[in-house]
Amino acid sequence: MGTLRLSDIAGRLGLTLQGEDAEVIGVNTLENASPDEISFLANPRYTDQLATTKACAVIVSEEHAGHVRRALVSQNPYQDFGRVLELFARPQGSFSGISPLAFIHPEAQLDNDVTVYPFAYIGPRSRIGSNTSIFPGVYIGEGCRIGQHSILYPNVVLMAGTHIGDRCILHSGCVLGADGFGFARTPQGIQKIPQVGRVSVENDVEIGANSAIDRAVLDATHIHAGTKIDNLVQIGHNVQIGQNCFIVSQVGISGSTHVGANCTFAGQVGIAGHLHIGDNVTIGPKSGVAKNIPSDVVVGGIPTVDQRTYMRTLALMPQFPDLFKRISKLEKELEKIQKGSKEDKD
Amino acid sequence: MGTLRLSDIAGRLGLTLQGEDAEVIGVNTLENASPDEISFLANPRYTDQLATTKACAVIVSEEHAGHVRRALVSQNPYQDFGRVLELFARPQGSFSGISPLAFIHPEAQLDNDVTVYPFAYIGPRSRIGSNTSIFPGVYIGEGCRIGQHSILYPNVVLMAGTHIGDRCILHSGCVLGADGFGFARTPQGIQKIPQVGRVSVENDVEIGANSAIDRAVLDATHIHAGTKIDNLVQIGHNVQIGQNCFIVSQVGISGSTHVGANCTFAGQVGIAGHLHIGDNVTIGPKSGVAKNIPSDVVVGGIPTVDQRTYMRTLALMPQFPDLFKRISKLEKELEKIQKGSKEDKD
Amino acid sequence: MGTLRLSDIAGRLGLTLQGEDAEVIGVNTLENASPDEISFLANPRYTDQLATTKACAVIVSEEHAGHVRRALVSQNPYQDFGRVLELFARPQGSFSGISPLAFIHPEAQLDNDVTVYPFAYIGPRSRIGSNTSIFPGVYIGEGCRIGQHSILYPNVVLMAGTHIGDRCILHSGCVLGADGFGFARTPQGIQKIPQVGRVSVENDVEIGANSAIDRAVLDATHIHAGTKIDNLVQIGHNVQIGQNCFIVSQVGISGSTHVGANCTFAGQVGIAGHLHIGDNVTIGPKSGVAKNIPSDVVVGGIPTVDQRTYMRTLALMPQFPDLFKRISKLEKELEKIQKGSKEDKD
């Protein structure tokens, strides 16, 4: 942090510096970068801006290295932009240690170098791994287990028995382990089916602000390693999500549905319960999934169909009013012909 | 909790035990149950698993009682599964009493056996009924009333004047009583219409994690007894929801809409404002409701139509590209005939 | 509030009082008003209720002034209803001063007459303008700036560097400044793109309960003055929203999309990323926006088209099953004719 020399950045990331060495204090867009900031070109749309940027240096692919004063030559400028950002990123909070204003149950167990902010609550028999940070207003219920180097941002809630892996990031206000939506309509009225399972989240998972992942009826709702979940996502009880999925904002996945690995669900997708979604499945925005989806497909629509079929159907939509006119015209013409042919015969 | 004898469970629930008595420590699926757990068969799909389950005993209907080592014979295995779960369910927290780390206004009134966790805030002139639990981070504004045996999980917010009945469950992060979305565009800019009403929730209501129910402009937004609301649901100002409804996750109901009793709204449904929805109405997932709906119907689609019409329309969707081809062909054929018939006459 | 004289209300708002002066204690609907409350007629649907209301006085346009015992004659009764409500509206909480149960970092700076409730957390180098209220459970991260006369309701979260203007209202549980959803799939797995920007909110903005506005990758996600955002709305990283927009509940706006001024997005709309939406754009409920939208249009549908085209298409939907029948019939008739004409020729 603070300032970094370009040669140092190049060395750390394995990039080639073309041009004189210099010091930079941060990262910015080509358009807004000042002469002490580094920028990047990842999208060809912005190539023109290489000529006008004030950036001290630009992360570019080899072909563009000649067009800037100083280049950090990269085989994947977007990815290396991310890695440079990491050098400059500051943590959300500089607090360390255990605040005396937090509530930590005597039967909770904290490993080394755990940070606990004021007004966090850690319940009995919960265990927090080393170097994990617990921000204000976080609630960790009874018997939870959290790994190392994880971050729980303000007002995150983990209900009893929740497991969180290492290097997870839980954004503010997400709730893990609330009761699943399980009820039976009976002659005596609605009966709640008690939810006695839990939520289990593996390593390297990120969960967005105000998302909700319900505990299982029995056993566990399970999020596998590396999966990234956006804000305001709903995940029902007993759902299983495979490794390295992207679940974009406002998606809802109903109870007991199983999702494979490496899937991408775009915003506001809804998935019915008790379904199986394969690996490498991409679902377009706002789609509604009503049945199982095999692996390696791209689907869209309500209900989902093959993405190309869906796009073709969408393209036809504005022609519908015209279609009805064409059919009415056909009917009239046909009638005319039928009349005429009848007259001919008479 | 702990262990229970099968004969004891049978006695409490009015079931018949077939087979030797034994002790069980919990409930699990047929597939995962260990020899000291009880299981159940509610879905015929899983009948095969009766042969292989390791469960100590299975809750089954009479016809399957002969296929397991020990049977708890039930007329409604799913419902009785729920009742057995209740015997084993543990509360989220074992804390009791009033934490000295909570803030309780001197003018608040707490009845007997109220539990208040650390960092809860209870405002002046609010009253909490006996045996109700208030978890950490809960905010109870001024002049609220909460009944008996209710649970407010972490970070629930009740703004001023909110009423909650008996035996309600409010899941983490739900917000009751935020201002309705009321504004007037005027020549002088946007003017806020102050929202001075409140939220009123009757007995036996459950509200999901991070859901929002807005206070009324005047009077009250009202949720009637027994209704169950899932996570991330939005309920606008002055909405009325009748008894024993199920409102599934991510549904949005706009201001001043009235909903009858025993309705079920599936996930991600949206309902416009100022509408009347009758009793016993079922709305399919992702539907958009733009006008009133009478009682006793099942609807779906955007905008909603009778569910059968909707399903028929959906089934036709993939045939649209073909449809256009058929019409173009018809037009060409007709033209040919018209030309031919003209030539005939010439 | 207490009581107000009608003549006093008329004087403050520039209305004409017709009828005897009297005292009122609140505002209510025509139907529910008691004899010490004031009511209003803004919607012609309710004109009949003028004859039966028990209200002490009614805010009406001139034409209806003769039909009530006491009239407050207004050129815009709905707007003046809002202004009268303002006279009677009470703040959510009567607390004032800085609670000793709050955590305020020694390097935070609070201007005059700031209210801080118990269990609020204010981080280092943050500055709060005068007359701003911070409710319980609010988290204000490092280096935030909040203007004057703003209200942060319970459990609002502002991550590091967030800026909030004057007279803003942030409803409970909204989260500003969580990380945007930025990842790169690489051969080595998923790489997080650090999000180092912030959220900037101008004056007179209102943000609903449990909404989420993500921080920018670089620079700022920006909400311009006067814009009102409802509950459970998702706003992605680097989004810009112009002045005086209405963003209704459960809308999702993906990253880097720019929205002009005076737009209205109805409930559950979804907007893809990197788009430009003009000024004065209205988007109908549940719409999905997949490309740029010019200014001054009304659109609807998935994907959005001109609203009239959309409504016409929707109206045709229920006729689709019939349409298929008509086409099949046409095909058969045509075939008959073709056969017949062939026979004629033979």
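Letters are used for the chains, namely A, B and C, taken in the order the chains are written, and counting of residues starts over at 1 for each.
Heads up, the rule we're going with is that contacts are C-beta pairs under 8 Å (C-beta built on N, C-alpha and C of every residue); 3 or more make two chains touch, one makes a residue touch a chain.
These numbers come from a predicted model, not from an experiment.
Judged by shared residue numbers over all numbers used at their interface, subunit B and subunit C contact each other through mostly different positions, with under half in common. The angle needed to superpose subunit A on subunit B by their Cα atoms is 120 degrees, rounded to the nearest 5.
Computed centre separation for the pair subunit B/subunit C is 25 angstrom, with centres defined by C-alpha atoms. Each of residues 119, 137, 155, 173, 210, 232, 250, 268, 323, 327, 330, 334, 337, 341 in subunit C touches at least two other chains.
On subunit C, the positions that touch subunit A within their shared complex are 103, 119, 121, 123-124, 137, 139, 141-142, 155, 157, 159-160, 173, 175, 178-179, 181-186, 189-194, 196, 210-212, 214, 217-219, 232, 234, 236, 250, 252, 254, 268, 270, 272, 288, 290, 301-303, 305, 309, 312-313, 316, 319, 323, 326-327, 330, 333-334, 337, 340-341.
Within the complex formed with subunit C, the subunit A residues making contact are 26-29, 32, 76, 78-79, 81-83, 85-86, 88-90, 92-94, 99, 101, 117-119, 135-137, 153-155, 169, 171-173, 204, 206, 208-210, 226, 228, 230-232, 244, 246, 248-250, 267-268, 285-286, 314, 317-318, 320-321, 323-324, 327, 330-331, 334, 337-338, 341.
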